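Data first, discussion second: the structure below is written as C-alpha cells.
Naming follows writing order (A, B and C), and every chain is counted from residue 1.
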C-alpha cells in the first residue's frame, strides 16, 4: 500500500447485527451443518429458471454454513489474555487436550499467535484483552494486524495442517542425536520405503550397512521382477532410487579433464535419475556411455562464501499423532515446512540444498495461492 | 527415498531386442542434411535403423518412427540428438543444404541461431543420455524433453524435463511451475528441473565437460491422505 | 458496506455483507476462518472472508464498499467508563439467560422423562417406598427440577461474535492498494465488467479463472494468461493450452493493444487431428 497517496478520515461504526438473545443462544448452540451437495456443476450459464433455483439453494446453503455461530458455556473454554506489547497470549486456564499447544516460560504458559487464533476460531479459547472478550474481528486485528504480513499465510497453513491431522509446531532448529543404526533398522526403513513409500531417514542412509542391505534387497527383487516380465505384458513398476555411495567409476579412457574438475565434484551429490544404469543395455554399452558421460552433476556445495539470499525458511515442523509426540522432548519431525506466499517463486536447487544442509526431515514446500488454496509440494534434489 | 513411474504401455511389442545406439560397422556413417530447422535422413534404411536403435528422430509423416510407408518420408532429427549422433557418438555426418559437411562449430552456430539455449539443452541431453534415457522433444507437454525408459513404444515417459539457466526465473514462478506440474501429474510423469550452470565458450565437443547440472524434482504431495494413511496403521 | 483493513487488503466479517458482495457484485474473496463445526472437511473455511487486493481495489473503484482501518480503535485499551459499560452489558446478557436456561433444562427433562421416571421409581422401590414409586408422576419430576434449579454463571452461554459487535471507529482508507494502471488489474476489471466471476488462477497455473456464474454451481469456463507482449513463446503456448485441456477449460491469452487502450483476448483450443 502506498502511504503517500493515502489520505484518510475517521468513521464511526455501529454494527448492524447485535448479540444473540438468550433463546437464540440455546437454539443455535448445536446447529448441525449439512454440507451442500449440488451434484455436478454446470459449464454454461443459460439463465434458466432451474438454474436460478439451483443457485438460490446453493447460496442459501452457503449462507447457513457461514452463519454457524461460535457458542460455548462461559466455563467451557480455555482462557488466555492477549499481551499487546509482547505479542503473546498468556494462558490463564487450560481446558481439554492442551499438550500440543503453547510454550512455557518462567512457569507461565504462552500461546503463539497462530495457536491462539486457531483455538479461538474452533471455539476452544476465550481470549481477553483488557478484561473484555475479543471478537474474531478484534482477534485478527490484534494477532495478525492491519498490515500485509506473512502471519496470514502462516496461520492458514497452521490451521489447514492441524485440521488435516498433523501436530504442527514451530520449527526447532537443533539437530537431534541419533542412536546407532543397525542393519536391521536399514531393512525396516527400506521395507517401509517400498511398501508405504515412507522416506528413508537420512541417518539410516548414512549407516555403513545401508548400501549393503539395499544392494542385497535389490538383487532379490531383480530376480523376482525378471520372472514377472515374461508372465505379464502389461505391468507397472516403480524403479527405486539406487543409492550409489561409491565414487563414480573412472572413465575407461584416460581422463583429459583438469584435476581441479574432479576436486570440484563432491560424491555426496546423488543423481535422482541414475536408475537406468542398472539395465542390461547399459552394461552392454558401458564404454560407449562413458565416452560421452562428460556433463557432471554439480556436487553438493558446502561452501558458505556464496551467501544465498533466500527469503524462505523453515517455519513449522510436522509430527504425527500416533508417534508419541511430546512437546518437552520432540523427536525428529516427519516433515519440515517451508511456506510459500502467493507471488513468491518456488525455491530452486541452491536454496533448497542450503536449507537441507542443516535439516534431515523431508522438506514440504506449502504454497498458499492468491485464492488461499493450500498445496503442498515435496522436493527431491540431487 | 525417491521412486518414480515407469509405466509400461499396453502394446503388442513384448520385449524386443534393441540397442540403445545405432552402431556403425566398417566405419560408415549415417548421412543427414541440415534443412534449416532439423537434420533430415533421406535414406529409408538409415532412417529405420536410427529409429530402431535408440529411437532417434521422428518420421516426417508419422507421430513416431517413420511408418507411413511413403517413399518420400524422411526421418527428422532434433538439434540436440543430431549433435549427439554426429559429434559425440560420431556416427552421423551432417551436410548443409549446399552439400558441404558441417563441423561442430558450424552446427553449433546454426543451432544457436534457432535456439539461444542450445548449449544448455545439449548439455542436459548428454547428461541424460549418459544415464541411458531415451530422450524426445517435450514440446507437446510444454517442456524441453520427455525421457523414456528403453523406448516410447514400450514405456510412457517418466519425466517431463525442463532445462533452466540461472538467469531464467520464469520457471520458478508459482503459477508456471504449478501448471507444468499439473500437466505432468495427470499423465503420471514427474517434473525434472535441470539447472545448468553458466557454460563458458563452447567451440569443441569436449568443452561441455565444464558444464555441471543440478536436479530438482517437485512433486505435489497430498498431505491429507498421507496423514490419514498414517493414522490407520 | 464496510471492509476491515487487514493484511493490507479488505476483510469481511458479516455474512450478509459477504453474500451481497458475492451474489450482487460477483466478488468471491476467499473464506479464511477456521470453522468450529465438526464434520467440516479440513479444506472448508468460514468467515472472515479475505478479498484479494484486486477485489478490494475493484469494490473501492466501483463504490461498492469502504475500506476502514480499525487497528487504532480495536487495539486501544477501553476507557474505565467503556469497560464498566461493557461489563454491565456482559453480565446482563449472562443473567438474562437464567429463565431460558431453566426452560431448556425442563425441556431436556421432558425429553428424557421416561428414563428419568423409571430410574427414580426403581430407586424408590429399592428403598421400599412402593406407594411413592407408584404415585410418582412427570409433573412431580418437573416441579422438583424447577424448584431445585440454580442458575450457575459458568453454564451461561457466551457467543464469540465474528464481527466486532460493539460500537467502534475506524479510519477510511482510500488506496490505491494496487497499481490500477497495471495490465493485470485492467484485465481483471475488464473481465469482471463483462459480467463474469473472476478469481485468481495461480493454484491452477494461470493468472485468472473465469466463471460464467457463481462458482457454487458453475465450473470455470476459461483460464486466462496475462501476456506482457502479444508474442507467445511456443513452450509457454503448449504448456498453457495443454493445461487448459486437462482441466477442461478454454485457454485465453490476454494482452494490450499497441496503444494500450484496448485489451485483446486470444482464445486457443487444442485440435487433435486423430480424433
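One rule holds in what follows: a residue touches a chain if its C-beta (ideal position, glycine included) is under 8 Å from a C-beta of that chain, and two chains touch if they have at least 3 such contacts.
The UniProt protein names, listed by chain, are B = tRNA-intron lyase; C = tRNA-splicing endonuclease subunit Sen34.
Keep in mind the model is a prediction, meaning the values are calculated, not measured.
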Touch-based graph of the chains, sorted into line, ring, star, complete or other: complete
Chain at the geometric heart of the assembly (C-alpha centres): A
Interface with the most contact pairs, given as the two chains involved: A-C
Chain A-chain B (tRNA-intron lyase) separation of Cα centroids, rounded to whole Å: 33
Chain B (tRNA-intron lyase)-chain C separation of Cα centroids, rounded to whole Å: 49
Separation of chain A from chain C, taking each centre as the mean of its C-alpha atoms, in whole Å: 25
Residues of chain C engaged with two or more neighbouring chains: 42-43, 201-203
Per-residue overlap in chain A, given as positions that touch at least 2 other chains: 164-165, 342, 367, 369, 375
Where chain B (tRNA-intron lyase) touches two or more other chains at once, by residue number: 174, 177-178, 181, 224
Touch list for chain B (tRNA-intron lyase) against partner chain C, complex: 139-144, 174-183, 186, 224
Complex interface listing, chain A residues touching chain C: 1-2, 5-20, 22-23, 25-26, 29, 31-33, 35-36, 38, 41-45, 51, 54-55, 58-59, 62-63, 65-75, 77, 84, 117-118, 120-123, 126, 130-133, 135-138, 140-142, 144-149, 152, 156, 159-160, 163-165, 342, 367, 369-375
Chain A contact footprint on chain B (tRNA-intron lyase) (complex, rising order): 1-8, 10, 14-15, 18-21, 84, 88-89, 123-124, 126-133, 147, 149-150, 159, 164, 169, 172-174, 177-178, 181, 192-193, 195, 197, 206, 208-224, 227-231, 233
Touch list for chain A against partner chain B (tRNA-intron lyase), complex: 161, 164-166, 190, 193, 196-200, 229, 233-241, 256-257, 261, 264, 269, 271-274, 276-277, 279, 281-282, 284-285, 288-299, 320-322, 340, 342-350, 352-353, 364-367, 369, 375-382
Touch list for chain C against partner chain B (tRNA-intron lyase), complex: 42-43, 201-207, 234-236, 238-240, 242-243, 246-247
